[in-house]
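What follows is a set of structures for review.
The following pair of complexes shares a single chain, chain A, combined with chain B in the former and chain C in the latter.
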Partner chain A sequence: MRTVIIGLDGVPFDLLRDLAESGVMPNTASVIADGAFRKMLSSIPEVSSVAWSSMITGKNPGEHGIYGFTDLFPKSYNMRFPNYNDLKAQPFWERWPGKSVIINVPSTYPVRHMRGAHISGFVSVDMQKSVYPSALLAELEQMDYRLDVDSQRAHASMDLFLTDLDRTLDARIKCYRYLWDSENWKTFMLVFTGTDRLMHFLWDAYEDKDHKYHKLLLRHFEKIDDVIGEIADQMNDDDLLVMLSDHGFERLDQDVYVNYVLRDSGFLRFKDSHKITLNTIAPGTKAFALDPARIYLNCKDKYPCGTVTQDQREDILAELEELFGMLQLDGRKVISQMHRKEQTYSGPFSENAPDLVLIPAGGFNLKAKPNAPVLAEKDIFTGKHTQDSAFLIVRGFADDSCVPETPSISRVVSIIENCHN
Partner chain B sequence: MNVKAMDHLDRLENQSIFIIREAYSQFRKVAMLWSIGKDSTTLLWLVRKAFFGKIPFPVKEIYDFRDKYASQWELNLIVARNEDAVGRGMGPDKGKFACCNELKTVALKQAIAAHSFRALYLGIRRDEHGIRAKERFFSPRDEDFEWDYKNQPPELWDQYKIKAVAEEHLRVHPLLGWREIDVWEYVKRENIPVADLYFAKDGRRYRSIGCETCCMPVDSDADTLDKIVEELKVSKVSERSGRSQDKEDDYMMQKLRSLGYM
Partner chain C sequence: MHNAKCTCWNCPAINLAGKVDFRACGQSIRQFEKSPDSSQETYIMAECNRRPQLGLFDPMGITFADCPEWVESPYGYLLKNMRVMILGIDGYLGWTLALWLGSLSCKVSGIDNYSRRDCVKERGAHTVVPIARMTDRLRRAKEVLGINIDFREMDILDRENLREFIDEVRPEAIVHYAEFPSAPYSMIDVEHAIKVQHNNVIGTLGLLFAIRDLVPESSLIKLGTMGEYGTPLTGRPLFEGVFPADAVLEWDDRQWSMGGELTPRDPVSFYHVSKVQDTFNVYEACKYWWLRSYDVMQGVIYGVHTDQVAADPMLRTRLDLDECFGTIINRFVTQAVVGFPLTLYGAGEQTRGFIGLEDAMQCITRLIAKPPEPGQYGVVNQMSGYTSMRNLAEIVAKVGRQECGLDVKIQRVENPRVEADRHPFEPVFDKLPQEFGFVQADNPEEEIRRMFRLLTRPEIKQRIEEKKHLILPKVWWSGVKKEVEQIELLRQEKREPVEIVGISRSAKKARELAADVNPIQSS
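And now, the complex of A and B:
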């Protein structure tokens, strides 16, 4: 009995259902027809680093320690970039028996020894540290394997970006085919991340059938669907096929800057108004935010200019909830949910958790951006992450009750384990 | 008198000694960071030359090589250690960043505070790393240890700003203009002792030495000073390729920005 997990980074439940029903993804449609297809909750916050870390460990951030793409060094306002070395819980491939092949899972860089083969995903920096075992490097070079599309290109030329995206996908497919045959695996996991990139830059091209890039966008999903068909055909009756996304997507109208709000209302102060970074936070600051919308109280003994004491904590959190609860733009509420640390995270690393995480309402994207000159802006991006509309498909399980009606991403590993029992 | 024209290494040596003496004349309370690597050992050599073999200030850091030359060169050696973090079991398994921060940065902060140092000599070079290329010979750090690289005193025509306000300390970088190959040619010319790890053994050697868990040897057959110099003339591999952490942050920031995550 083997397990195959296919990740479609950033693909929302509704979009996948639409593409399956409209004939763009016929193979996905037949997997859905034979399995359980659910809308899934992403992590809090709803970014890939936290979501995939929660998926592969089956734990919440309080247990695995990853709260975002960025974090702060202890007792400082200096930013750092947590990676796979900072993940405090074991991924499933280190716990499950047999060999695993793991391709392109975000936040698993740099790779380390494991049973099988592992090629890390976003953000992988150095190819040498992205591939285990290193003997695979030569094979991957032959395939012209790319760790990630160069998203910077989309800012200069969408055509160049799409060409690069397509080549990256082709190389990923070659890599999966090679490892599918060459390794004697029990678990195979392959994540497509080009989908997330398309959603960021071309959500409008998905919604608008007449958009210049509409067909190219569908073509990308068709290509992935071909792979899904190919994989489904090669599976045995007692194998388990799992498909999922790490978060959803929807149309983006405006970016809203959390630190701008905090600064404007006196919660956040800087030493020098010409030099605004987290490093120049001034005494008197009560709260500050890290991306995308993680608010930390400026606690005494925790930060260099920290003054907030345990007694003041409750009052400040209540003030913040009122402030963000009332926040409106163009007559619409900006924030849909607020999650307090104690109610959201549990485990040995929940100390490092943000005190309050904001989830934006439809159309709004939240960013920390300490030096934002305005409250809200529109960038070139047309799509934004959603927390409540990822998807999960499980095919090949004995009992429908194995898959809850509304699963969350940190439960996927235990759902798979239940299916096997 | 037989006067020989100054060569490239003489000019570098002259400039470095000038900077070392300038910093000492201004501050008196100066220390030097000694990592026992080739660069800071070369710096130590130059400091001894600058003060005619006597070191008028204390120096800091590790092991056999360290202890041998600390005693032979009569160094006033301070071993700075963040005892509190060591006691709590801090190590690379707690995360490399946390480890570096606690055991290096915090330990140094404590030592500077304990000894009231106003300036530190460091053996960094511009060609080591993109961010180091932005450095000054006299580089101020504020009370939080922050380096504001966008707001630094200009250093034009060898005019240096060597005053620091009370809450600052100055980092002094006498080797800033040296290249990796200059260091090795000078090590050879002056016969400066360096750690054995730099010389190839079983096809590998260290080009840059940091903490054990965070640096890796590179493939090399250079087991003598001459071979190291020859290797550097043709190598396309960067000196710090065996060091983790560095460069990767910049790359990650750019990737995250390109997707609008920051």
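And now, the complex of A and C:
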């Protein structure tokens, strides 16, 4: 009995259902028909690094320690980019028996020894440290394997970006085919991340059938669906096929800057108004935010200019909740949910958790951006992550009750384990 | 400390890993067409080669003052056991710097092909301060000063071996002295002109590619010369490589800002042309590949002393008297020692910038301590003061008389060069003192006194006597082949020589302004 996990980064439940039903993804449609298809909750916050770390460990951030793409060095405002070395819990492939093939899972760079083969995904910097075992490097080079599409290209030319995206996908497919046959695996996990990139830039092209890139976008999903069909065909009856996304997506109307709000209302101060970065946070600051909307109280003994004491904590949190609860733009509430640390995270690393995480209402995208000159603006991106509309498909399980009605991403591993039992 | 606030962005021990744009979960590895995004939409990720446990991080955060790898030194924070490669390590400056940095706990490596020794021999000359063979120098450095130098005999033009060595050492700073340093040598004939330009230009160009491919984060300290600028007769200030932000070009009733553009160069020999060509090559490399470099427009160096070279006769650095390889003050002192009238070319009113040997070492160390940012091509005019040749000759004569009771005469001879021998001169040399904390430590008269003390030692005086016939110039820019003739022997001046001007006009003005604004503080 083998397990195959296919990740479609950032693909929302509704979009997948539409593409399946409209015939763009017929193979996916038949997997759905034979399995359980659920809307799934993503992590808090709803970014890939946290979501995938939660997925592969089956733990919440309080246990695995990853709270975002960025974090701060202890006792400082210096920013770092946590990676696989910072993941404090074991991924499933280190726990499950047999060999695994793991391709392109975000936040698993740099790779380390494991049973099988592992190629890390975004953010992966150095090819040498992205591939295990290193003997695979030569093979990948032959395939013109790319760790990720070069996102800067989209700013220069959307066509160039899409060509690059397509090549990246082709190489990824070659890589999966090669490892499917060459490794004697028990678990196979493959994540497509181009979907997320596409939707950041071209969500409007998905919604608008006349959009210049509408067909191209569908073509990308067709290609992925071909792979899904190919994989489904090669599986045995007692194998388990799991498909999922790490978070959902929707149209982006406006970016809203959390640190702007904090500055504007006196919670956040900087030493030098010309050089606004977290490194120039001034005494008197009560709270600051890291991307996308993780608010940290500037606690005494925790940060260089920290002044907030344990006694003040409750009051400040209440003030913040009031502030953001009332925040409106164009007559609409900006924030839909607020998650306090204690209610959201549990485990040995919850000390490092943000004190408050904001989840935006439809259409709003939250960003930290300390030096934002305005509260909100619109840039070239047309899509944004959502927390409550990822998807999960499980096919080939004995009992429907193995998959809860509203699963969350940190439960996927235990769902798979339950299915096997 | 002048470099306390620098961050990993300046540090050569980091590896710039790429750029991420978390708005679109995007990454762009090894793409730095833009500097750190001031709108903070994208982040540059760095890894520390010395502290890999930090993982990937934002290079703008950690300062030198915060980082345990940067430790205090008299010249600012310096990377612990910083790996510095000196190209041209057997030369006058290279050897001195090797011992200087070694004594600051840098890990020094270097190459030299001994071409300087060969060229001096070719001219029939020798260094008047005897220098040991490299193997003996290295052994002695270890015995006397405890300094280990990783030396390879190598031509910088041997690109394959150079690359191999760079890859092996992974230098964090590269000081590039390995060029032929002589204007007259480049003017001897076509063969010499080509030899100098080929060596200097092609050597540097090859080096730039090697740095790009192997150690792009390393800082390149490249030696240029003040002679690249020439001496414009308009009296326009000689800025530090590029025009200041508020410089304006006016023409045809229109105006353009010149801020940040390279200033005009007006080299004064084929050697100087090679330095100008280097300037452009380095400038472009910084632009194309995000290399980092300081181009050091160095004034004429004089002197024999640092604590390290004076520690043992076998550790001495060279000193030349011949027309090609002797530099002006050094030459004057050798002439004075053997009673040869100090030679001024033409009117003798040529004005040049100068800096003592120890101060030059201090400056280079400070530049190493504050590496340029990725992509930065920085220029510094490295001098501690300027004065005319004639005044210099008078200073040397005065010290020679006082120190050794020598009867020092000064003569004017025909000028074999094509140059203005009377001209305005307003160098700007503010960056080293203002941005790198350079404070002049050498006292020119004191250093000249020290030179007299060393060069009047019988064995050295003897070596000067042996090569006295090589003092007068024979290389004419015009190509004429003859020795220059004396125009006049100057009478000894009654008045004292004037002081060397030790501060630029711009810095002086700023200082006066500050004093006006805040009279209490300045008193």
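Criterion: the second predicted complex is superposed on the first by the 421 of 421 C-alpha atoms of A that agree within 3 Å, B and C clash if a C-alpha of one lies under 4 Å from a C-alpha of the other, contacts with A are read in each partner's own complex, and residues count from 1 in each chain.
Please note the rule applied: a residue touches a chain if its C-beta (ideal position, glycine included) is under 8 Å from a C-beta of that chain, and two chains touch if they have at least 3 such contacts.
Everything numeric here is computed off the predicted structure, so don't read it as measured data.
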Side-by-side fit of chain B and chain C on chain A, or clash: clash
First, second, both or neither for A:Pro74, with chain B first and chain C second: first
Which superposed partner A:Asn371 touches (first chain B, second chain C, both, neither): second
Per-residue touch tally on chain A - higher for chain B or for chain C: C
Which of chain B and chain C A:Arg313 touches, first, second, both or neither: neither
Touched partner set for A:Asp148, first chain B, second chain C, both or neither: both
First, second, both or neither for A:Pro304, with chain B first and chain C second: first
Which superposed partner A:Thr193 touches (first chain B, second chain C, both, neither): second
First, second, both or neither for A:Asp291, with chain B first and chain C second: both
Among 40-48, 418-426 or 508-516 on chain C, the segment whose C-alpha atoms clash with chain B after superposition: 40-48
Chain B and chain C contact sites that coincide on chain A, given as residue numbers: 47, 69-70, 73, 76, 80-82, 85-86, 122-123, 125-126, 148, 150-152, 154, 197, 200, 279, 291, 367, 369, 379, 381
Touching residues on chain A, where the partner in the complex is chain B: 47, 69-70, 73-74, 76, 80-82, 85-86, 110, 122-123, 125-126, 148, 150-152, 154-155, 197, 200, 255, 275, 279, 291-292, 304, 365, 367-369, 379, 381
Chain A residues touching chain C - in the complex, by the definition given at the top: 9-10, 47-48, 69-70, 73, 76-83, 85-86, 106, 122-126, 147-154, 193, 196-197, 200-201, 277-279, 291, 367, 369-371, 379, 381
Residues of chain C that touch chain A when the two form their complex: 17-29, 31, 33, 38-41, 43, 45, 47, 54-58, 60-62, 66
Chain B to chain A touching residues, read off their complex: 95-98, 101-102, 144, 146, 148, 151, 244, 247-249, 251-256, 258-262
